[in-house]
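Letters A, B, C and D mark the chains as written, and numbering starts fresh at 1 in each.
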Amino acid sequence: MAKKITLNMITQRSVEEGVGIVKGKMTPDYFEACSIIEMHDDDVKALGLVPNQLVRVTSECGDVIVKAVKGRQALYPGLAFIPQGVYANQIVPARTQATGEPQYSGFPVTVEPAPVGERRKSTLELVQRAVGMWKGDQ
Amino acid sequence: MAKKIENVGCPFCGVCCDDLVVTVSDDGKKILEVENACIIGSTVFHRAMEDRHALPRLRQPDGTYKEISYDEAIDYTAKVLQKAKKPLIYGFGSTNCEGMAAAAKVAEKAGAVIDNCASICHGSSFLAIFDNGYPSCTLGETKNRADVIVYWGANPAHAHPRHMSRYSIFPRGFFTGKGHKGRKIIVIDPRHTDTAQVADIHLQVKQGHDYDLFDAFRTVLRGHDIPDEVAGVKKEKIVEAVEILKKARFGTIFYGMGLCHSDGRNHNVDIAISLTRDLNDFTKWTIMAMRGHYNITGPGAVWSWQYGFPYCLDLTKRDIAHMNPGETSSVDLAMRDEVDAFINIGTDAAAHFPIEPVKHLRKHPWITIDPHPTMATEISDLHIPVGIVGVEVPGIVYRMDNVPIQYRKVIDAPDGVLNDEELFERIYQRLCELEAEDAAKTPAKTTPEGVRAGE
Amino acid sequence: MSELLIKNGFVFDPLQGIKGDRMDIAIKDGKIVETNTLSSPSVIDAAGMTVMAGGVDVHSHVVGPKVNVGRLFRPEDKLFKSPFKTCNRMEMGFSVPSTFKTGYDYARMGYSFVNEAAMPPLHSPHVHEEIRDTPIIDNAAMPVFGNNWFTLEYLKNNEIENNAAYTAWLLRATRGFAIKVVNPGGTEAWGWGLNCDNIHDPVPYFDITPAKIITGLIETNEFLGLPHSVHLHCNNLGNPGNYTDTLDSLRLAEGYTPKNNFGRDQVMHITHVQFSSYGGDSWKNIDSQAKTIMDYVNSHDNITVDMGQVTLDETTTMTADGPFEHHLQSLNNLKWVNTDVALETAAGVVPYVYSPNVKVSTIQWAIGLEIALYSNDLMRTFITTDHPNAGPFTRYPRVIKWLMSRAARDETMKTFKWLNRTIESTTIDSIDRELTLYEIAQMTRAGPAKALGISNTYGGLAPGMDGNVAIYALNPENMPSNPDMIESAFSRCAYLVKDGIVAVKGGEIVAEPPKRTVWVDVKVPENAQVQRDIYEHFLRHYSVGVENYQLFDEHLHNPRVIEVDTTQ
Amino acid sequence: MKTVTLTLENPPELYLEGQNITPDNFAGKTAAELAAIDIWEGKLKSPLGKHFAVAGNGGATAADTKIVLRGDCTRVKRIGQQMTAGEIVIEGNADMYIGGWMKGGKIHVKGNVDSFCGIGMEGGELIVDGNAGHHLGSSPRGEWRGMQGGVIRVAGDAGNDTGTFINGGTIIIGGDADIHISTHGEGGTVIVKGNAKGRVGGQMVKGDIYVFGEIENPLPGFKLVGEVEQEVDGVKGRFAHHIGDLGERHPVSKGKTVYANLYTQI
């Protein structure tokens, strides 16, 4: 049985994501900068992940496949990080506590190894598919 | 012969570095070199010329885009605005103030909601400022006077790469000749960020509990006892940090999305402001929001002088403006299905909103105004290209400390491409024409009145 | 060729000494002309009405960063308080109105020129952006100098010529109008959370006293021969017992005489002097020293003052006097904005409720009126509310009513909770004086225009001046018995003609003639040392480049330059 | 008392803004006149009768007028805003600002309401049988003079920011409350019969809060000072008495510092 843990997710800026944005969200730079997750070593161990393994992250409002990487910026156990952007926003809850601002940081997610055959989708596929405009890889 | 242009402002983040030197080709069309910028800023200039469109593109029934003229695009936009009962115009992180003023004129004429990226970024700061004020300073004050710097829920090493070197930790100023050596740095963040690497003290706060930690700081500052641990931080560490704050000659708290994006949002900032105010009973303290885009402070300034509100302006009543984030904020409007047309300008809502509001907004006409293709252009009905402010279009932008910086043009926009101000002025003209046509058809039409019960 | 004839009004023009004579005013191509030069003018029948030059406001916070933060951080100042739209643009806000409402409301009151009271030089592009969006009225803006590091360093060493060269540079860099001084030295001390308590209290590190800053700036101003004088917000403003500090500041002007080609007679303008005329030593025993102050002013021709009249409204205080706003916040515990501006100045903003139920508020109200009512020369005493500090400028008509009618004052005093305490602490109840329309014209146009050094263009109706004329539905030969009619007549003028164009008719905006930015361009000899100092400070201490600091021409809206040449 | 019944027959595509639906506005008007009063959907102004069937005439005064709303008013805002007297009954759900800036009279909502209900309230009674959203009985943005008086009673749960800047009056929540209760409060009483998530009484100067259940994350600025026996909303109980927010300023009255009180049931 696949392991699955619950973590507290934050999504914030990274400098790689910043560079990715200005290069373009359909570039490999952006893809590699944003389709990742960072966790504490204890949580990586608990999931039994090998470096750069794909995981599925699921929140109250969606899920996304990202790559589990070892980040420079240490988290405490139970806390997880996905850089802000298209991948994070597949799972960020839109609830705003009547402030206008979505719950970009501090929402529960479950993380599990991605099912075999699953891949990280392109930004275009994620966004266009969400609004019913995805026509497949042409 | 290449030409060097000096004192160029950087069109990326709210640090608004204005010391860039950009070398352009003799014909003024190509950027050859960018000096002094961080990696992100320099990329902005280099990518400016790539991937551009000279004409608006309209989505066809088969899902592809077809190029149309600016006139057709302006007519289309004006008609969408006119037809909708409550259109939303959102973005403005990357336009100049002239463009924002023109867009507000359009929104007022069309009866639209107009909102900017602060809505999902530092909007919480505005809410806190409404409730509790803002004891702040310009960045030069921090540079010249500060001996204690706090970054709370902010990670400039990633989000504002030159912030620490230009204004806060490293620079030598008038009273701060020792630079970094003369300063104490406190970083408060649930992660040991790259910014925390340069800190003297890093307090690893439990995510989402900053408010509790601020309350502990304030309680200690007033001489009361606190529990042994608050928000994951030991009492001794809190007491030690409070002593440093009290003994500062001049301090600045820089805070970021760690406060605005987590539970409590505005109240995390609200209590940070209370702490700053309290500290002024002992010594001099200031606080500043680490604003994101280079001109995201701009719309807050422009719309405040035009309407008295910095964001989330509901102008649908045409008589008076109404603002209440939670109701008139873009994400809430989208999630509640309260708007029926969307114009996305100078930001990429499709990438930066959570995907749910994107789905809601996409039920209605969606127009994107942006120099480059973005996620938003890829799901829009219409993409109108414009010049890049700070690269191809000059204008005033407001730095994170509300200081206006005059930005320059370094190269020409692609032939025929309008700037934001011109585009909105023409949409405004078209709206006036449509209104006149309507008035000719129905002469006795009454104008709606404002939300003003009780009178 | 546009021609306009305003016929048969009762004309009040103190600059020409015209005291309500029934006469015609002619305007051609935007300028006042002799009546016989018109051929086929359009005509306004002003019979039975009062005709004055367009109003001139000497001191009002209407544009710029602290005004805007006052708008931004007070959404409650808009809630259920904004009028319905009748003009091109919405009009939002009560105590700190939007730029559009500011322009429209001044025009409705018959004003044509408003002097922005404090421009932080670093923020000058912002000030000019707001000026662009303030319709109809012409604006000037005064950069603040009293805590500027260049100024402090030059004046400490008695380098008047260098300070003058720097002043000329900064006026040009910011497209500024005059030398504004706010709590000299005290605001720099506020950089460390401190203040200068009196004019002999030295500024930390810079080691210069406020007194020396003030006299140095007077010398600089007269060295340059600027249109306006030094414009001073005194030290220790707003505190009980401060009248002695105010007298100390006033005495600093003794021995100085004005040198200028603009018809200005004063060397020092003391602004919102109401806030600086307090006796007592605590809020418990505060009393009025307005008479003491005005006795001094009356006997010294080289001083002008404006009132800073408290209007008993909920308003928003804002000033470059940073320590004062911090102090105010600690008294009323309301939200507080502070912005220290590097090397130059600071600003504080706090909401404030002046209530007829609060003793200090009603004493302040009385002191303001006493300032005007004790004045022997209303060409040197001007109506202001230090908008929005003591009340919004839209209350000027109410201030006029109080000045023109003892009955109106009595009516207001009846609402005071601490009436007896107010009467004991002031002399307002013993004053029967009622000002005339001529005196009001002195206080609201002729006097301020002369003090600002613009009386060749604004504030009067002589041929050659701007065609700015306000017509009020008041018949001097048959003044209304109900003083409220005075207030309503001055609130909504019958006509405002701006540059020859009818902008207001029947109290409503009917046209938006182009507005101007008035600034002072001073030519000084090359000064290598000052150039070097500017280069050094910008290289090492400023956070923007010197090239980007100086206003680009493209951000200056419809300029009108007043040129001063010191090289001849 | 006369009753006007409004039945929502033609629901809006977006939301309706019904600030004119108050006994004050309805008093002295016939059904036909009422059908002509203004209601807004975005920038579109329509007569009330376009969306609602109107039955019955208003009373002579607001106090003599009762308004009953039927049909699904989930997308109708601002009902009873600024009302001073009379009665409103909403048979189902309603949207935002119900009873906002209310000065008197009574509103009874039988379903749920969204955010900003009872904001800026000065008097009267707002009763919600279901749940309430955020900013219940809170102050409008920027206003430091929050709820002044009146009673808000919600049978279910409330969102965050209940009673921000409360100065007076009483808010009773039958269920649970999310974060921020009486933040910046300077008076008034908030009673939570269920649990509170946290940030209870933060930055509070004066006033009272009762929590019958658990506070998940109590603030460090509140200190236990004793136990008291009290009757709260008709229920007798023993409470632990805390004072706070010790991080905030507090007035001194007759030589004694006045704190905010937080009572948690034992």
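Throughout what follows, a contact is a pair of C-beta atoms (placed from the backbone, for glycine too) under 8 Å apart; a residue touches a chain by one contact, two chains touch by 3 or more.
Just so it is clear, the structure is predicted and the values come from calculations on it, not from any experiment.
Peer 1: Can you name the chain whose C-alpha mean lies closest to the mean of all the C-alpha atoms?
Peer 2: Checking distances from each chain centre to the full centroid gives B.
Peer 1: Any chance you could check whether B-C or A-D wins on number of contacting C-beta pairs?
Peer 2: B-C
Peer 1: CA centre of chain B versus CA centre of chain C: separation in Å?
Peer 2: 34
Peer 1: For chain A and chain D, let me know how many angstrom lie between their CA-based centres, rounded off.
Peer 2: Taking the average C-alpha coordinate of chain A and of chain D, the gap between them is 39 Å.
Peer 1: What is the distance in Å between the mean C-alpha positions of chain A and chain C?
Peer 2: Each chain's C-alpha centroid was found; their separation is 57 Å.
Peer 1: Quick check: how many Å separate the C-alpha centres of chain A and chain B?
Peer 2: The mean C-alpha positions of chain A and chain B differ by 24 Å.
Peer 1: Two or more other chains in contact with one residue: find those residues in chain A.
Peer 2: 97-98
Peer 1: Send over the residues of chain C in touch with two or more other chains.
Peer 2: 73-75, 77, 80, 334-335
Peer 1: At least two partner chains per residue is the criterion; list those residues in chain B.
Peer 2: Within chain B, the residues that touch at least two other chains are 127, 130-132, 263-264, 318, 323, 325-327, 449, 454.
Peer 1: Kindly provide every pair of chains that touch.
Peer 2: Contact pairs between chains: A-B, A-D, B-C, B-D, C-D.
Peer 1: Sort out for me which residues of chain A touch chain B in the complex.
Peer 2: Chain A reaches chain B through residues 8, 10-15, 18-19, 21-26, 61-62, 72-76, 79, 81, 84-86, 89-90, 92-94, 96-106, 123-124, 126-128, 130-133, 135.
Peer 1: Mind listing the chain C positions that touch chain D in their complex?
Peer 2: 73-77, 79-80, 333-335
Peer 1: What residues on chain C touch chain B, complex-wise?
Peer 2: Those residues of chain C that touch chain B are 63, 65, 67-69, 71-75, 77-78, 80, 82-85, 89-90, 92-93, 96-100, 122-126, 129-130, 133, 149, 190-193, 205, 326, 329, 334-343, 346, 349-350, 540-545, 547-548, 551-552, 554-555.
Peer 1: Using the touch rule from the top, collect the residues of chain D that touch chain C in their complex.
Peer 2: On the chain D side, the touching residues are 101, 140-144, 249.
Peer 1: In their complex, what parts of chain B are in touch with chain D?
Peer 2: Within the complex, chain B touches chain D at residues 84-86, 111, 127, 130-132, 209, 211-212, 214-219, 221-222, 224-227, 230, 263-264, 267, 270-271, 274, 278, 316-318, 323-327, 336-340, 446, 448-449, 451, 453-454.
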